[in-house]
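Letters are used for the chains, namely A, B, C and D, taken in the order the chains are written, and counting of residues starts over at 1 for each.
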Amino acid sequence: MNFASDNWAGAAPAVMSALARHNSGFEPSYGNDPISGSVNQTFNEIFERDVAVYFVATGTAANALSLAAYAKPGGVIFCHTDSHIQIDECNCPEFMTSGNKLVSVPGTNGKFTAEALSGTMTAFPYGVVHHGQVAAVSISQASESGTIYTPAEIAAIGEVAKSQGAALHMDGARFANALVSLGCTPAEMTWKAGVDVLSFGATKNGCWCAEAVVFFNPDDGRNFEFFRKRSGQLLSKSRFAAAQFEGYFDNGSWLSTARHANGMAARLDEGIRALGGKVAWPVEANEVFPILKRFQSETLKAAGARFHEYTATDWPETLAPAEDEVCFRLVASFATSEEDVETFLKAYADVI
Amino acid sequence: MNFASDNWAGAAPAVMSALARHNSGFEPSYGNDPISGSVNQTFNEIFERDVAVYFVATGTAANALSLAAYAKPGGVIFCHTDSHIQIDECNCPEFMTSGNKLVSVPGTNGKFTAEALSGTMTAFPYGVVHHGQVAAVSISQASESGTIYTPAEIAAIGEVAKSQGAALHMDGARFANALVSLGCTPAEMTWKAGVDVLSFGATKNGCWCAEAVVFFNPDDGRNFEFFRKRSGQLLSKSRFAAAQFEGYFDNGSWLSTARHANGMAARLDEGIRALGGKVAWPVEANEVFPILKRFQSETLKAAGARFHEYTATDWPETLAPAEDEVCFRLVASFATSEEDVETFLKAYADVI
Amino acid sequence: MNFASDNWAGAAPAVMSALARHNSGFEPSYGNDPISGSVNQTFNEIFERDVAVYFVATGTAANALSLAAYAKPGGVIFCHTDSHIQIDECNCPEFMTSGNKLVSVPGTNGKFTAEALSGTMTAFPYGVVHHGQVAAVSISQASESGTIYTPAEIAAIGEVAKSQGAALHMDGARFANALVSLGCTPAEMTWKAGVDVLSFGATKNGCWCAEAVVFFNPDDGRNFEFFRKRSGQLLSKSRFAAAQFEGYFDNGSWLSTARHANGMAARLDEGIRALGGKVAWPVEANEVFPILKRFQSETLKAAGARFHEYTATDWPETLAPAEDEVCFRLVASFATSEEDVETFLKAYADVI
Amino acid sequence: MNFASDNWAGAAPAVMSALARHNSGFEPSYGNDPISGSVNQTFNEIFERDVAVYFVATGTAANALSLAAYAKPGGVIFCHTDSHIQIDECNCPEFMTSGNKLVSVPGTNGKFTAEALSGTMTAFPYGVVHHGQVAAVSISQASESGTIYTPAEIAAIGEVAKSQGAALHMDGARFANALVSLGCTPAEMTWKAGVDVLSFGATKNGCWCAEAVVFFNPDDGRNFEFFRKRSGQLLSKSRFAAAQFEGYFDNGSWLSTARHANGMAARLDEGIRALGGKVAWPVEANEVFPILKRFQSETLKAAGARFHEYTATDWPETLAPAEDEVCFRLVASFATSEEDVETFLKAYADVI
């Protein structure tokens, strides 16, 4: 019953098999291997346009370097109060952008609206040197609360961003989970809605170590090779990353693993709600955030369930944990079994 | 006949097998997995003392972050004119150290002496704010010229470094190759000779993506977790790196692969010399640097040999390439076959 | 009727006279002049202990470099929501600290309490690498709202800071105004209350360009000369800064100019309140923040009054400007005349 | 007999008088004062085109921020081996450019040629990510050796720079000294010869604290206000800098002070040579570099002469100091008197 994180899983079979398939023989290093070339082509197909793709080692690096490409001296980057780049990346975005400031935009359900963004941005009028200058807007898809922006919501945010000269970045650490949840195309969820650059995460959804930065306007990435190398993110045996992506995309493996993970989360959500349990946010991807009395949560742990507590700034009004309550996060991945879900729900039924 | 680089090879069998062995089930992320714990213990045993070990994604990151741990405002880092950190890392050390300066120390054979270091350091007297302050000294073992510092040479350099308050860093991208060449212990080649921090490279010698920063005085690394995370180098599925190291060390696999690579390089060297060929530097690890007329080099390429040209600043006096000559680099790895070596030598015999 | 800012004034007579007095002849540059030596001694006397004093060119530099001296990789710096370092320094603190994050602590009256600080800090538990590590706490004395921390309030904040391993910085852009307002000693307002480092501002209160960073534990500044020089803040003709400070301190000139400025602000405050006007915060130093209908404010401008509008995040509950209202800032300096104050109050009486 | 440095002098009378003239009353801060506006216009006239001018506090800041405006990730900046930015700025250029690398170009007489630049640049071919990317070229006018580039030499360097996509920066800490020495126009010495950005130094030649960054293509400075503010270089009482420049330019004061300084240096040079003394480099501006036996130099000091020793990397072949010799630097400024020069020459005659 392990729901601690989707990066507690190993690599999916399709990924391991691609790694084995491409292990023998010699291939050029530093991105010049033919597997990288072919995977780049797959990215073009997935996004229905020519994109510039750069592999990096971690999701944090993907986010920070995406933002570095649009950073400015005194630059300001807008993101959700509870976003990963604001809370969980140890200032990597600030460091990689040479000191751009991350300004929080509030919003319930882990998302902010175009209106909220616009409101926050008014504190940074054009040309006022003391306050810095607008550089980028970043949204997470899926969000830290496991919720999803619709293409229309993204487009509205994108318009506000563009109107202020800001680039729009999407942190897609759980891109596939969001995609299969929406049922739209990758293009509709990104550049067609105004996204300029995407952190395309594959690690959580089935790889060992496969993250990519995708520029929808390839020219925006003209300096990116240098940003990547100067931060020690250019993998020498680059075929190793390329092979993972090849396996990831093979036969739609990535969509299957994401669907499975989302399905397991939905089952958890349904089960909990059916038992009268509280869940903080709508379950739209592969994460469920139940709220329990602390002693109930401890009983679940004692029964063998693994999960982390979760603290947000923006709680839904009616659901914020009370003094004696705790919110915890259940994350499903390709490796989550139906059995584990059922076992958990039984244990949950016992404590509630 | 591929001698382009040791990072053109895939992963060694022991490494692939360890990855497969540890692929199933759930393990804590971000370095808290038990495999990491056990590998850390192996590092302690290898170095005969408690060391602090941190995995990172690339050799460049290992070098730059090692140096960041000892960086100072206005800091100066001394390294060989032709060193990787000076020439081949796109200013990653400068960036990660927030602008420390890399000052070149000259020296033949890809190495500098304690005397040369001392001489270069005189331009940076203590407390002269304009010139900056001495922060660290970095040596490469094996060097970019495929040569090796003896423990005595390292110790002499270490003494100069210490006398000026500088930490001593070793870029061990080819640590194993140097180690088996010297036949000494890892401890003798490092902390017993005054090395404070080591970039322990495993990728070139048989892993996919496995590099570690090793602090011999663990307290020196007290901030390192933060340096690592803020540069996007904390791998989420950390067991993936740990498993590679486990396989790497398993049954002395790392020493075997290094011995094989060195042996192939020695065979190339002997063969070339036996044919009256010129080789720029003594072959002490897994790299050979022949010098040929340019047309001869082109003929070799046409015969199917793959290698890169190499340009140094410090040529051995009697061997610097003439106008119509070119120096090229042959790198052997665990994947280099005896057949390829023999084929190459036959082709070489034909052109010379 | 110019109340736009205390840096719209020139230099006070004592300062101009010291500059003239020290203009002739040759003096060592870069801080080695005897005037600097003598001024440093004056600082020791003022603070009743040996302090380490470093002149820099601007208040922003003083703040950012003070913080740089205590920065950490992934470091977090706590400051008021409306503080100058958070709002008005174009990310200079983030840049100079290589990406430390400024986290806002809320609080009314431009100040935060020890409790509020403690609450905000709980989101940054020790050793959680994702969130970064606590580095420093910064308070402004006087605050952006023209209010003042009592020594007891500072001490309480200092205790929270120390308990979390954070240094305590004071932004003293208006240090003298706060000092004469409290009527305590400089020591009581700083190191005796737990302050580690002070941005000692003299420009606003009568100099041309004279700011200093003061370390109360001189060893904390051991690297500061290098921080200063690497950011281009080491003045070559350093006697020019030293001379200003000499004039500033001469015969208590700095206390007189501050008292005058505070007195003018108090007169404005009393006058406005006597006329039934609203003032956002208690006037404790040299700034007054009246709230008027926008048309009234425009009428005042038309009458020749110069001031800036002011926007805060933390408004006093009962005083936040309504839709049709505006808060504006009146700043008094040594150059503010009683006449101007009276003229303003007459104009104010006309519009209210 | 003080020849230690031109920044051991105070401020010239025209500068002091302008400061006094503009001291009273209120003026907008942060560069919005009318004096700044009028001085900017003077810069346009001096350079015969519309330029963008930004005041900063120090020459080091002017250099580093000029380069920051053209920096790139992994960027490389070419400068003379003995240049101030390479040797004497405590890595400020590296810091302000977020880790660009300063690569030395050799050359006698403190200058490098277009050919030498071109040769050094070949190690940085376009698009090789490991080596970084060409960003800028910097020359010093006058050089650290007191020599001067002719407009033709600058133009040749500018052509090489442009052909590689590099901006051309001029460190004009002693701009006026070079200008009056050449007898050309400011335009001919700068943008007409390909200079993109200039550190216009006025401090050494008669101001207290007045340095400017001048962009000849104003659009190149579009982000400069943010670069300046984020490094704490935006002076609050900006009229103070503007007034100095006003006095500096008044009635050609700056040219007179430079002519005087150069004349004093020429007199020193002639006197020393007439006595059979050695001088390391041609005296083309306001610096003289005699070479003496160490005991002779000590005798001069004992006689009351103040100067610094000087160490270069690129010595003129026939003049490099022998073991028992020392090179020292004599700097003349507006404050250097003929009497001091004569007294020095007499003392020199006694020791030689």
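Just so we're on the same page, contacts are C-beta pairs under 8 Å (C-beta built on N, C-alpha and C of every residue); 3 or more make two chains touch, one makes a residue touch a chain.
Note that the coordinates shown come from a computational prediction; the quantities given were computed from them, not determined experimentally.
Relative to subunit C, the most remote chain by averaged C-alpha coordinates is B.
Note on interfaces A-C and A-D: more C-beta pairs are in contact across A-C.
Note on chain placement: the centre of subunit A and the centre of subunit D lie 50 Å apart, centres being C-alpha means. Centre-to-centre, using mean CA coordinates, subunit C is 34 Å away from subunit D.
Centroid to centroid, with C-alpha atoms defining each point, subunit A and subunit C lie 41 Å apart. Counting partners per residue, subunit C has 73-75, 89-91, 95-96, 98-99, 129-130, 132, 226, 229-230, 234 as the residues that reach two or more other chains. By the touch rule above, subunit B contacts subunit C in their complex via residues 30, 68, 72-75, 98-99, 129-130, 132-133, 223, 225-230, 234.
On subunit C, the positions that touch subunit D within their shared complex are 2, 4-5, 7-11, 16, 19-20, 22-29, 56-65, 89-92, 95-96, 203-204, 208-209, 226, 229-237, 239-240, 306, 335. Contact residues on subunit A toward subunit C in their complex (touch as defined above): 73-76, 87-92, 94-102, 123, 129-132, 311.
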